[in-house]
Amino acid sequence: MTSMLRRLVAAAVVVAGAVASASAADKFITVASTTSTEQSGLFGFLLPKFTQKTGIDVHIIAQGTGQALKTGERGDADVVFVHDTASELKFMKAGFGVNRHEVMYNDFILIGPKSDPAGIKGTHDIVAAFKTISAKQAPFASRGDDSGTNKAELRFWKDAGIDVKKASGTWYRNTGSGMGPTLNTAAAMNAYTLSDRGTWLNFKNRRDLVIVVEGDKKLFNQYGVMLVNPEKHPNVKKAEGQAFIDWLISPEGQKVIADYKINGEQLFFPNAKKSGS
Amino acid sequence: MDDQNAFAAAFALMLRLDPAFVGIVGLSVRLVLSSVFISAAIGLPLGAALALARFPGRDATIVVFNTLMGFPPVVAGLIVYLLLSHSGPFGFLDLLFTLPGMIIAQTVLITPIIASLTRQVVEDLWAEYAEQLRSLGSSALRAIPTLLWDSRFSLITTLLAGFGRASAEVGAVLIVGGNIEHVTRTMTTAIALETSKGDLALALGLGIILIGLTLLLNAGAFVVGRLAQRVAG
Amino acid sequence: MHAELSILPLAVENVSFAVRDTTLIDGISFALGQGKRTVIMGPNGAGKSLTLRLCHGLIAPSAGRVLWQGPAAAGAKRRHAMVFQRPVLLRRSARANIAHALSLAGLGHGERRARARLALERFGLAALAERSARVLSGGEQQRLAMARAWALAPQVLFLDEPTASLDPGATRTIEETIGLFHADGVKIVMTTHDLGQARRIADEVIFLHRGRVLEHAPAAEFFEQPRTAEARAFVRGELLW
């Protein structure tokens, strides 16, 4: 019986060790960001350089823009790094953020099947393309997850004067998931879908999908970064979070962003201004 | 897609002990072992006590525990998330998006499984032993460790059921852990991520390795159990 | 075993036992004293096993009382043991089974080991000490159960049809073992439906039929001159119901 007890104690020590080593507090911040930035591979390239310089680890929670902002509202992240300016400004107005800075931009692209049933390939007018898709009732996969990409997509439908809620379940398919799964679905269904360029370049299950529309000024996609307000949530790591933001908008950080390429193609274009509010 | 080549790529990853891969596997192992250990520490005596105790509402309690065995992992993850969030009651513990947080979420899921299965096993054994043990002067409480030890071979199956659930779980650990690279990314959440990135072959490769590890564990437990059983009768 | 105070006599006073609406034991009374080997007999269903369990305290009477009346009666609970028809042994070695019973009795580690070894030797089980109890033969298991009981140093040993599941060779060994207890001064209270066994062992007989005590007499008197018709039929070997 004592040997059993000894074995139990040994196991308990192992467990405690596992747990303890996992929570051994190296300096780290929690950044709520989007799946598009993570799945583009940018963070894998960018963050090690920041950590090397400052010794601060960055834990990225990759969610949709809407979810990331809510995470910031709940105080479960120190920094929020997303791409929907309208929502970000609302976040700041409600007092959840201390400051906001623009960091970089890329663009959205419309992905579709090679066969192009809506016949829109080569258009540079995204709203017109959407109108045609609706008119031809070509299958369209939407993320439907309150992400920055999704919010942009819904803006275009609104501009085109189309009520997608009515069409949901017919040619308009609401997957309620991230960019990757939605692309998977579009590939399997041979549907159109709106994506960010970064995720697309890194996506490996393209099947018959290609880029059909790009270059419209409306497809401009701005990324912003905000420090969560420590007055609302005292647990926010203000100093380290601000260090990350400062680095992102510094010439050094901006250069790293510009240096990130896939197959020689640059994904994100730094555009931090001198001041933000 | 070049499926065969990517299967090979997954195995190559394993064979050359790619550090990221090793990190993910190591994290999964720590998560699963910790969750099962804690769940067993709670569930085994709890199940045994439930088997022996007689109190009003006992039947309802048993039904509740049996129901909890099928508790949807995502719901458990959501509840734990809300509890551990900094806007929630236990935010001050800073457990969200950490390994201990994931261990808690999994323990919530696995403890009812172990408790319910233990209850059944111990109840059957108590039916056989009760008279003799009481004749020897044992109270029901004192009989708990005796019954647990004597039913150890059946309980191995119970623990393996817990292991199975823990190693296969993805919903709760995804929500509570946040799938943070190097910190809370496990085999199952990595598979979910690679799938969502469209890298289906790598995801499948990881999945096969995960199944392989679980198979190894179960085979080992089976052999050990059989040998020990032959000795102990 | 004689130095300590006795818990006997045991007084069973008007004890009844009913389950739901069925009366299984109907107002039985008798006293058990030191020395004599008491055998409780009767056809199947007479209530022999129930009576034994009522005496041992495993079940509580629905009416009446079971009273230990000896000078040591206060601590009686630990001073009597029971052996069942089918031995219940734990999944561990023979020695560990005895040690477990002794730990329940509150003995320390060293004393447990010593007493367990003694018990195994006394009952000829020393060679099987480390064998798993569940792989022993039926006779060996029953002997182990008795060794376990002996290790507890009981003053009274209840036995419920202890050889009903055993072959004649094992039966004889168990009967000899009962003799060992008797020689050590332990009061034997045993049930059996085997007339031959009863004749071999009993000093006194309590005859039960349908939950009632029909006769309580010294063995010779019961077997030669049973007073009731049922007892006469039983002794003749007839079926009673």
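Worth pointing out:
Labels for the chains are A, B and C, by order of writing; each one numbers its residues from 1.
Just so it is clear, contacts are C-beta pairs under 8 Å (C-beta built on N, C-alpha and C of every residue); 3 or more make two chains touch, one makes a residue touch a chain.
If you're wondering where the values come from, they're calculated on a predicted model, not measured in any experiment.
Common neighbours of subunit A and subunit C, by the contact definition above: B. Here the chain at the heart of the structure, going by C-alpha means, is B.
Should one ask which of A-B and B-C has more C-beta pairs in contact, the pair is A-B. If you average the Cα atoms of subunit A and of subunit C, the two centres end up 78 Å apart.
We define each chain's centre as the mean of its Cα atoms; on that basis subunit A and subunit B are separated by 32 Å.
Computed centre separation for the pair subunit B/subunit C is 47 angstrom, with centres defined by C-alpha atoms. Each of residues 149 in subunit B touches at least two other chains. Counting partner chains per residue, subunit A shows two or more touched chains at no residue at all.
Contacts from subunit B toward subunit A in the complex involve residues 1, 30, 33-34, 37-38, 85-87, 91-92, 94, 96-100, 103, 149, 178-181, 183, 195-200.
Put simply, subunit C touches subunit B in their complex at residues 56, 58, 77-78, 81-82, 84, 88, 90-92, 100-101, 104-105, 132-135, 148, 152.
Those residues of subunit A whose C-beta lies close enough to touch subunit B in the complex are 4, 11-12, 14-15, 18-19, 22-23, 30, 35, 39, 43-44, 59-62, 73-76, 177-181, 183-184, 187, 202-206, 233, 235.
Those residues of subunit B that touch subunit C in the complex are listed here as 128-129, 131-138, 142, 146, 149-150, 152, 231-233.
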